[in-house]
C-alpha cells in the first residue's frame, strides 16, 4: 500500500517540528498537524497586544541541545538566543542580590550576605560540572531499558554503571545526593546564606509540584551547569523574537527539508486498526493515513484521548493512569508603558536584563508550596520574572516593555475543582501583580495589557494535560526507562507504528529538543520509517 | 595506662552490646564503656512515674535480625519472642480502627469492615511485600559493597546482583523500581481508599526523617520497614537488653557503667591507642568501636585537629534533624478503645493525609504540630490495673522557635493529649507523665539534635551511611570503627550495625 | 565589573597608557607608559611602586593563632618569630596546592596573611577547636610594593622605622607623617624591596609621601607588565599561570603538590598534623612526578631561525603566559612538559622561561627543545635546564647593619 506520508506528527511544538526536520532531512515525507493557528506549542510567541510579542508560556532557553542546532542548521533558519547576564533577587527589606556572569562582581555581591558563600561558588561549580558531564551522557541518548534482558541493554547498563563508578565514591555519593535530596538540603552542603540559597533552590522546583524542601528536587540544579558543558559561556538566554522564535526556526528547517506543516488542523484521534496506527482523523472528519504516526502530545493525551482506552491493553491502561501530571504553575504576561524599576535597586541597569526572582526566603517559598498542597494558589507566590524587551527590542514598541512572570504555585487541582479556575483567574492575576508591585512602585499604572494563564488555561489553550509544563512530573519514577512508561520508554508506544516525541518522553521537559531528535533517530535506526 | 584490650566498645546500647559480645565470643578481650548508670541506651526502660516504666525510647523490636539473635544465643539468655509480627492498630477518629495482624486473613477481615476494595488491595500489597522481602533483607543484613575499592569485576558482580532483582520476576522488579522513589502518599493512594488506614500504614515511612507522606522516596522507607518487620520480643526492648547483657557477661565482656569517654586517644600517625575516661583514667587498645553517633564520635571524642576536613564536612552534613518527641503517660487504668482488642500493643494515629500534612508543616518553620502523629506502645510496665503509654510524637523540632521553655513543653504535651482524646477517652485517667523533647533526647541519649536514628533515613544516607569513607564501619582513623545507628543498616532496634561493625573488626 | 583600589585617584592620573587589567576584581594598571621598559628598569635600577591592594589579606588573632595556621600551612608557623615573615603555600588534604602567600607574625598572637585567591572560606573550615579569630581585611587594608635598589632610602625619608636593620623577610611597624603602617621586607621582584600595608584611609597619604620622597631616587609607578618580567627573572611562580588552585581544578592532572612547583623547601613534614601531611609524606617517599625548572633558551638558535626568513629576532618585550610544549629533541616525539611563562630579560640579555617538566628530566645543564613559532611555522630551539632563579642580586638579602636573615 502506498502512503502519501511516511509520518504524521500530531502537534507542532518544538519537539514535533524537530522530529519532522530530522525525518524530512533524510527524505521522509512528513506532515505536521498543529491544532492552533500558531506553531510552537508551549514554545510560542504571540502578538497579543499591538506591538507586543509575548513568549506566552515558556520564556527562557537553557538546555536546547547544541548538536541539534548544528545538525539542522537552525541558526540559518532564524535560531538566535541572547544570553542573560544576571540573576536578580530583590528583597523586601530594600536590599537585593544580583549574581553576574563576572565572577568577581558576583563574589562581592554575595559577600555582603556571606563571605564564605561568595568564595565557595567556584567549588560548587566544579562539582556541578562533574555531575553535569554525567547527566549529559544520560540526556543525549535513549535511556537503557532495564526491564530487558537483552545483552545489548545489559552492556549499556554496565557502561552506564562504569561511568558512575569511575566518578569515585565521593562523587558517586554526591550524585546520589543530587538525585534524591531536596534542593535546599543539597545547597546546604555548600552554602549558609538564605539570600543565596533561596533563589538558587527555586530552579529545583520550577514546573514541579514540590517545595524546595521536598526530596528529589536537587537534580534540577544541574541545569544551570549544563549550558557550560555545551560550550556556551552562559547557560540561560532569551530567544530572539520570543521563544516562538526557536519553534519557527525548527519549522523553517523542517520545511526546507520538505516537511509539510498545517496549522489549525486539529487531530481528533489516531486511527488504530488491529493495534496498529494507520493515520489520524481530524476534527473536521478528514482521515489522513500514514505509515507511522508520531505524537508530540503528552502521554496522557496520546494514550487516552488520541488512541482511546479501548485500544489499550489492561496493564498499559493501568500504567498510563498512574502517570502523574499535576501542573503547579501559571503565567502572567504584562505589557508596560515604561521600564519597571525596582525600589531596592533603582534605575534601568544591567540587573534587569536577566531573570528576577521573587524568592526572599526559604520559609516564603515553602509557605507558598504549603498553600498549593491544600488546593489553593499561593497568595505570596514565587515568581520568576523577565523583561525580554530590554534585551530584544523587537518584542515591544520603543520605550515600552514586557514583564513576563512565571508563577508558582498555582495547582491545577484547586479545592473547588480545576474547572472552576476561570472564576479565580482574576484573583490569581491580581495576586501576582500585587506581589510584583511591592518591589516595583507604580507597576499597576504602567500596565497596558495583562494576560493571565492558569494551569487550566494552559491545558485548554496548549493541550498540556493538567497544565503540566513538562508533560508529566519529573520525579524519578517517571524518568529514564520509566518515561513515560516502563517498556515503552524508547519513543515507541504500545500501539504498533505509533511513536511519541514530546517532553513526556526521555529526557523530559524544557526546551531541549531532545525528545524530537531522539525519537526521529530511534525510528530511523529501527527502520520504522 | 591500665591493662590492654583487644577492643574498647563505647556505648552500652543494643548495638554496643551486640558488637562487644560478637567480638568477645571470638575470643577478644573487650571492655564496654557506658556513660549512664544503666545499660541499654535507647532500649533502656525508664521509670518515669512510680511503678510506671517506659520500654525505652523506641519500642518496636520487630526488626531485630534473626541471625544476630542466633549468633549471640540470646534465647539461651532469656530472650523470648512472640513468634509473630505484632498486631498494629490503625486508628481513625470517632472510634474507627483497623488492625493489621500477623495473620493476613484476619487483617483482611478487619479492613473489609471499612472497604471491600482495600481488603483485596491489602492481599496484593502483602504479596508484593513478600516477593521483595528476600531482596531487601539481603541488602540490610550485609555490610554494604565497598565503593572505595570497587573494581570493574566488582561492578559486574553488582550489576549481576542488581539483576538478582530480576529474580523477582519482571513484573515485581518493575513495580519495585516504579514505587521505591514514590511518595508514600501516591503509593498508598494507588492501592487503598480508606483514609485512616492509609495514614496509619504510612507511619513507618516518615519516622525519623524530615519528610511528610507526600515526600519522594518515603515509599522506600515503608517497604524496608515492612520487609524487616518480623516477630516481636516479649517484654519489649527492655528484655532484649537484659538478654544482651547476660550474653555479653557470659562471653566475658567487661562492662563498665558510669564511665564516660572523654577522648579517643591517637598516636603520632593518627592511629587509635586507647581512650581517656571522664575521670582521667586511660585505657589502652588499638581498636575502638563507637556505637555513639558519628557526630559524637568525630566531633567530641576526637581532638578537633585530628580529622581531615572532608571527613568533618561529611559528618557535619550527615543530616540528623530531630523531629520526634517522646511522651510517657501513666494511667490509673488500662488504656482502652471502643474497638479495642486486648492483645493489641501498637497503635498509630494519622487519620488522613491532610491531617498528617498539617502535622508536618510546622516543623519546617521550627514549630511543633498542633495535632501530632502518634505512634503508641501499650506494653510498658505498670502496676496491676494501671497502664503505661509510650508515645512517639511526630513532629517536634530540635530547634524550636523561642526555645523549649516549660510553657512550650506543656503546650506540646497538651497537643498530644488533645489529639489522643479524639481517638480514646483517656483524659481523666492520666496520673503522671514525662515529655522528652528532641533537646531532652539529645541530652539523655546523646543523640545528635535528638535524632532517634542518629541520622535521617534518607536515600543518600542508606548504604553509604554515614558517609562513603566510613560506610564499611572502619573509618579514616586507623583502629576506629563505627557500630551504631549511624552506620548501615541504620536506626531502630535491629542490632545490625553492632553486629556488622564487629564483623568488620574481625575481618581486619 | 572591576572596582577601584584606594590608590586609584593617583594611579589613574598617572596611567597615560590607559592599559588596565583586571586583578582579583580590581582595576590594575598594566603599564603606565608605552612601552613598559622604564618600569622594568625602575624595579632593577631605582624604585618601582606597585599597587598590590588586590591581594587578599587576613588577620588571624588569638592564643591558638600560630597553632591554627600551622594546621593550614605546609610550614610550621609556630616557629615563626614575631617580626618575621614567611612565604609558603597551603594544601588540600590530598597534598595539592590551594594557594601561596606570605604569613607575617605581627605579635605573639597576631598574624597577617596574604593570598592570591580569596581564602576566607577555606581558612574558616579549620577553625573548629582553636581559640582564634579570622578576619578578612582585604577591603580594609591597602598595599603597595616599593621594589628596587633605592627603595630602602626612600622609606628612610618617610618613616621612623630602622630600615637599615630590617632584614630580608623582616616585618616592622612604622610611623610616618599622619599615619602608621606595617613594612615587610618582601616582594615579588627578586630584588631589594618592601611591601607596605596601611588602612585604606591613609592610602593616598602613603602614596603621596613616597612619590614625593622618591623624586630624588627615581621612583616610578610600575604596572603588572613590568612585574611579570622581573618575577620570571626571579623565578617566582604565579597562581593560575604556573599552577592552579586545586579547589578549582576539574581534573587531578591540573593540580600540583608543593614539590611539583618548586615549593618543596617550604614544607615542614615532621610535626603535628597539617593539611596534606599524609599525602605529602607519601609523595616525599615515593618521589614527585613533576617539577618546575628554569629554561635558558638558546639565543643563537633563535637568531638563526629568524635569519632564515630574512628577519632579525623578533622577541616581544613583554612577558608571556602561554603553555608551550617542551620536547626531549627536535623530532618532537617525546613531550616532557610545558613552559608556562617566560620573558626576554633585558638585564641578563637572555630569553628565559619557567617550565613544568617530568621530574626525571630535571638535570641542570642538560638541553631540551622548546617550541617556537617563527613566521607562522612551528620550530623548536634548544634550551638549557637550570635552577628556576635567573637573577638574585646580593642587595636582595643584605642588610646594611648586617642583621642577615
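Order of writing sets the labels: A, B and C. Residues in every chain begin at 1.
Methods note: a contact is a pair of C-beta atoms (placed from the backbone, for glycine too) under 8 Å apart; a residue touches a chain by one contact, two chains touch by 3 or more.
This structure is a prediction, so every number in the text was calculated from the model and none was measured.
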item	value
From chain B, the most remote chain by mean C-alpha position	C
Pair of chains with maximal C-beta contact number	A-B
Computed distance of Cα centres, chain C from chain B, in Å	56
Chain centre separation in whole Å, for chain C relative to chain A (CA means)	49
Distance from the mean Cα position of chain B to that of chain A, given in whole angstrom	41
Touching two or more other chains - residues of chain C	none
Overlap residues in chain B, where contacts from two or more other chains coincide	310, 313
For the chain A and chain C complex, residues of the former touching the latter	102, 104-105, 107-108, 115-120, 122-123, 126, 129-130
Touching residues (chain side chain B, partner chain C) in the complex	270, 299, 303-306, 308-310, 312-313
List of chain C residues in touch with chain A within their complex	1-3, 22, 24-25, 118-122, 124, 136, 247-250
Residue ranges of chain C touching chain B (in the complex, touch as defined)	67, 71, 93, 125-126, 128-130, 272-273, 275
In the complex, chain A residues that touch chain B	146-147, 149, 154, 157-158, 161-162, 165, 169-170, 172-173, 176-177, 179-181, 185, 188-189, 210, 213-216, 322, 324, 363, 366-367, 370, 373-374, 475-477, 482, 486-487
